[in-house]
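Read through the structures below before going on.
The two complexes that follow have chain A in common; it is paired with chain B in the first and with chain C in the second.
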Partner chain A sequence: MLQYVLRRLLVAVPMLLGAMSIVFFAMRILPGDPCVSMMGDQATREALADCTRNLGLQRPLAVQYADYLWRSARLDFGNSLRQGYPVSEYIARMFPHTLILVLSSAVVAALVGIPIGIVSALKRRSPLIDYPLRIIALLGLSMPVFWLGILLLIVFSLRLDLFPLIGGGDLEGALHMLRTGEAFVNPGDFLAAVGDVLHHLTLPALALGFTLAATISRLSRSAMLEVISQDYIRTARAKGQLERAVIYKHAFRNMMVPLLTIVGLFVAVALTGTVLTETVFTRPGLGKMLVDAIGARDYPLAQGAITVFTMTIIFVNLVVDMLYAVVDPRITYR
Partner chain B sequence: MAISRRAAPLDLGVALPGEEGRRSLGGHLRRWLPIAIGLVMAAAMILLAAAAPLIAPLSPSAQYADAVLKGPGAVERHLLGTDEFGRDVLSRIIWGARVSLQVGLASVIWGFLLGVPLGILAGTRGGIVETAIMRCADMLMAFPTLLLALIIVTALGGTLVNEIMAIGIALTPNFVRLARSLALTIREQDYIMAARALGSRQLRVMARHVFPNALYALVVVATLYIATAIRTEASLSFLGLGIPPPTPSWGNILSEGRQYIKCCPWITTFSGLAIMLAVLAFNLVGDALRDLLDPRLRGE
Partner chain C sequence: MPSLLRSRFAFRSITVLALLLLVGLGVLAGPPAAFADKKKVLTIAAKEPDTLDPHTSTLGQSQAISRFLYRGLTRFAIKDGRVTTAEVEPDLAESWTLSPDGTVWTFKLRKGVQFHKGFGEMTAEDVKFSFERQINRTPGTRYGVNLEVIKSIEVVDPYTVQIVLKGFDAIFLLRMVGYQQGYIVSKKAVEKLGEQFKWNPVGTGPFYFERHTPRERVVLRAFDRFYGGRPSIDEVHWFDVPEDATKLIGLEKGTFDLLYPEAVTADFADQVKKMGAIIDRRGPGGQERFYIDMTKPPFDDIRVRRAFMHAIDRKAIKETMYPGDLARLASSCVPPGYFGHVPMTFPEYNPEKARKLLAEAGHPNGFTIKNYFISKSFFYPKVLTLAQEQLRKVGIIVELQVVEHATFHENIRKNLDPFVLYGGTRITDADPWLSLFFDSKEIPDPATGNKGSNFAHYRGMDDLLAAGRNERDQKKRAGIYAEAQKRLERDLVCLPISDVPNQWARNPKRVSAPFDPDYGEFSLHYGYNYPEMLKVLN
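Entry: the complex of A and B
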């Protein structure tokens, strides 16, 4: 087991290094001088020289690269060109917003997708159940999350006025109250803040969750189909077990193993989804921050955001690989 | 690098002869209806894009000052309404099909041309060549398609060619992986051994034996990636990083219409619908073709 863990870690480190190199060099081959594009053509020569020095762009590329890697390892991404304060601070403020969006959409996706997939597999080829469900899944898969988001906004925010049009709610306030212990002194205020956050979260989580549910339902359908054709299911049925027990006790648990392996993939897709979802709902978060940073040509901020995205994806994949070994002991013996 | 990719290798078999004859009418319908619908939809999209100048009722850039932000049918000549400059939404969507399909098809071809030779080389040669190619593919796989395309488009600038390049490169690692896994199975076949025994060189084995045998499965999966490419293009345009306005693309029509969802939801609704239908068409075709190929999912 230890050997397996070490081997996984050894694979993850060069991957992270490679991915970060891609980010670094992609940002460096950007056409034009970042200082010029940031300050405009009218900037004085002194101001430009100042900016170049501040960003360390006058140093050799190799030095800049080594510096970037060393700083990133300490989660130091320099200062934002526009806002002026450290990128890591900005990321730390945005991360919780993106995290709750990913988690809540994962809950929506699992609650909608897994049951649909199971029912669809058990009622395979039934024209009234399997086919309509598969068509819905295919539509969900083809529907861009930003379009679904806009449709939800049109109906539930603009027409019915049930949910806010923009913003992420007072997440910072709620977290601050938790940290300082104020949440326990004034539970009313805390609950109000949490309610506000949930109110802002509902539509984005539904939009992202539904599009992800389509993938989940297709995967759980094929996982379930694979499992129910196994010998142990036939054995369970031959023993005279109730169909319900066969499905819930034998099939469901084994179906979760292949599903677990796609969590890594899921996180990658969900994080991409947050870029679009946060933009549609004008929600604060890493994805919106990245798009805004690119639009404003704020390179340190964009670089920091992409690095954090990549780190998260590689880290989650690593954790999933480990979890997989725990769930399925055969893995470590290969 | 998730284990799933190795634990579940793509299982693409070849259809068994003789099975066709035993199928009922319902069975045939079930098999061919999705492909037929998908093919008709995809063909319609391609026709729409190719013949946009003939089909579009009005010019996509003509501005009608008397019909700014008019709803569908409010002015007779604008079937799907107009946008904030008084441009005809239907004509813009028809012209937008050009961008979406061009990017969708060209970027998949580009990714195919880059990825398949590398994947076949990795699978057939093995050893350090395989390790080097696969580690590079893994590195690119760490980025989701949209994120990688976004980085490249940001670096190169949003033009049609750059967008095609960016999405193509973002799709490449997928083709590398698939081509390698197919080559791994194919290289164990007797006919490869026979070709080698007859003195064929490595390059000839790869080009004449491995590639043609992998082609069918590769093309099927490529169809599914057209759907991914179209969605990625729309997403980039939506984020304002794709082809810059005023060139109509479905993503930027939708993005521009976003400011007017309160008064004029038709702009976003119809352009989004176009994206969904295009993605759906290629998903349908790709899915159905894959089901036909995959023996595990074919009739019991």
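Entry: the complex of A and C
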């Protein structure tokens, strides 16, 4: 097992390097330049030349690339071209916001999607249950997150005034208290900060979660359908097992393997979903930051963000592969 | 069986508990408690500035927030309860004199003006430093070009500064307005903080910088020692809200008092009106116009340029983009509010004439422009598709390539578009404006790397521009620029469409503004000239 993990981590290095190189060159192949984008229509000839020189963008591409790799190896992603903050510091501030959004929407998506999928698979011959559930799933699939998001904001934030309109809550405060141990000294303050974070998180998590739940429900429906047509299910039923036991004990556990694969894929989907969710709910976060960085041709910031995205996806997939062995004892890694 | 029941029960309980936790805790936490001490907080929804060093950003939101933090030697004059961009009055400078030869300005500074955060009194040293860092092109500064007229700056005493120019400069006092290059920063602070000054700004404005949470907000506080008196607003929260839809919801909900929208559409204006809010309109704003590259066939033939102008229905475009009072139909290639502006006449909308002219010029069936690049942002794609449709009617087919804004800027400087749609605001005088767009030195050329903005490739007014720069009689200057506009009328290289004011939405129940919402102030700051005069009402 350990050997397998090490091997996978080793393979991750060229993957990461590949992704970073693609981003580096793709950003520079994109027409447009950071100076022009920063100065817009006020860009004069001299100002543009100055700006390009100051940012070191006049150097040969190979030199810039080597410099970028060498710095990245030391975890130095440079400074944001636009705002001047160190990229690593910027990402460190944004990443927790995105992480909790992805995790909480995963919880929502799983809690909503998996039961719907299972029920709709089991009652597939009942038009009163399966059809409405599948329509709900279809709605979720075709409802863009920004539309659902605005809807939630209008109902729950503007009309009912239950949730805030913008922001990510006092996540930095909560994390700071956790790091310094203050959370245990002043649990009241800590809980207030956590409550504030959840208060800000609820609507975005629901919006992103519901749109993703649709995919999950459809995938778990087909996974369940496949499992219950297996021989061992028929055998279980034949030996007189209760239907509940058949489903929960035999079918559900065997459904876990394809479901885990979905979860692995889900992280990538959810990360891209954060872009729109963070924009609609005006939350700080990596997704929106990345899109803005690309629009502004803020090379270091975009490169840093994509590196972190890639690392996250590699890591999650590794964990998913590990979990296969846990849910299915037949799978072992050597 | 019992274990099965347990696991089912457990599964359900976890589901319900988790949902309750998420929704319940969120609701229970409730909105943050109201400020106990009744602080007067002004909340603004805008985009996040890229820096708070006023000399280093050209973005609208950065310039708008700069005006809260910084001031200059002069300011736009308040006359009869209105603010004008054509005249200036003293601000950090109390008075000034000009030498008889027109090259030496001596400014007497106001005494006792304090910088934020204990950086001491503003003196002549700070003035010298603020301009010299830009003239010397300190990395990141953007406006040095506007101060190139300066030969040297001398500190006579702490309250007197002498600025020697290379030659007479008719718009020098406009350059000294607290705006872009004109802002005075603390020398001590910049030298001490270096690169960090970007996010630790120190000026003499009515508000000082408190903190910045990236992608969330910038917080400013009232400056007790502001020389104009402490503002009545205690705190300004400048939120990073990129979406106009979110801004509107926030205005209605009361989360925001002021909105700095990306674009004011008819729909936006309607919604603002419906919720009982106000739109503050400020001239001169931006002008949207076409430049036609007179060197690029077939537009090198003036008949084709005339046909182009006959084909474009300016009024229809303006009314579609900005119905009613959302903008004004542009009347000149030098917008109103700029010194030297005179109304011009343009070929009227007449597709029949356009077709005839095209036939005369040897294009009886029109022609096709392939790979025409247009930005996907702001007004660009909308205006261009309207124009595309109008041009199609006379046989000019434009095949659009919609690209990122940055790519668009790059491509128009490579002369890839035979006519260029453009917008923008400058120092409010015909001299810098016309120099930027019609001086032959500004013709973009990828071969030499010239990224200027004379997209018309015009060479017909260099003599007037040179003469105007040396003229000290304001009346004669006005005459020179009137002549320049006549030449543009003759040569048909510029077709202005709409003069779009700078517009913010305001909740009048929360905030009162000092000037008439309908062009009561002219401003170049993408926002209010005098934010210290805003009042939070409850």
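Please note the rule applied: the second predicted complex is superposed on the first by the 272 of 334 C-alpha atoms of A that agree within 3 Å, B and C clash if a C-alpha of one lies under 4 Å from a C-alpha of the other, contacts with A are read in each partner's own complex, and residues count from 1 in each chain.
Note that in this section a residue touches a chain if its C-beta (ideal position, glycine included) is under 8 Å from a C-beta of that chain, and two chains touch if they have at least 3 such contacts.
None of these values were measured; they are calculated from a predicted model.
Once the two complexes are laid over each other on the shared chain, residue contacts for A:Gln64 go to neither chain B nor chain C. When the two structures are aligned on the shared chain, A:Met143 is found in touch with chain B, with no touch to chain C. Of the two partner chains placed by superposition, A:Gln241 touches none, neither chain B nor chain C. After overlaying the two complexes on the shared chain, residue contacts for A:Ile154 are found with chain B and with chain C alike. In the superposition on chain A, contact of A:Ile262 is made with chain B only, not with chain C. After overlaying the two complexes on the shared chain, residue contacts for A:Ala302 are found with chain B alone; chain C is out of touch.
In the superposed model, A:Thr272 lies in contact with chain B only, and not with chain C. In the superposition on chain A, contact is made by A:Val320 with chain B only, not with chain C. On chain A, the surface touched by chain B in one complex and the surface touched by chain C in the other have residues 30-31, 150, 153-154, 158, 279-280, 295 in common.
Across the interface of their complex, chain A is touched by residues 1, 4, 7-8, 15, 18-19, 21-23, 25-32, 50-51, 57-59, 137, 139-140, 142, 144-145, 195, 198-199, 213-217, 239-243, 245-246, 249-250, 252-253, 255, 403-411, 413, 422-424, 426, 436, 442, 449-453 of chain C. For chain A in complex with chain B, the touching residues are 11-12, 14-16, 18-19, 22-23, 26-27, 29-31, 125, 138-139, 141-144, 146-147, 150-151, 153-154, 158, 222, 225-226, 258, 261-262, 264-265, 268-269, 271-272, 275-276, 279-280, 290-291, 294-295, 302, 306, 309-310, 313-314, 317-318, 320-321, 324, 331. Of all residues in chain A, those touching chain C in their complex are 30-34, 36-51, 54, 82-85, 90, 93-94, 104, 107-108, 111, 115, 150, 153-154, 157-158, 161-168, 172, 192, 194-196, 198-202, 205, 242, 244-245, 248-249, 279-280, 282, 284-285, 288-289, 292, 295-297. In the complex of the two chains, the chain B residues touching chain A come out as 1-4, 7-8, 30, 135-136, 138-140, 142-147, 150-152, 154-157, 227, 231, 234-235, 238-241, 254, 258, 261-262, 265, 268-269, 272-273, 275-277, 279-280, 283-284, 287, 296-297.
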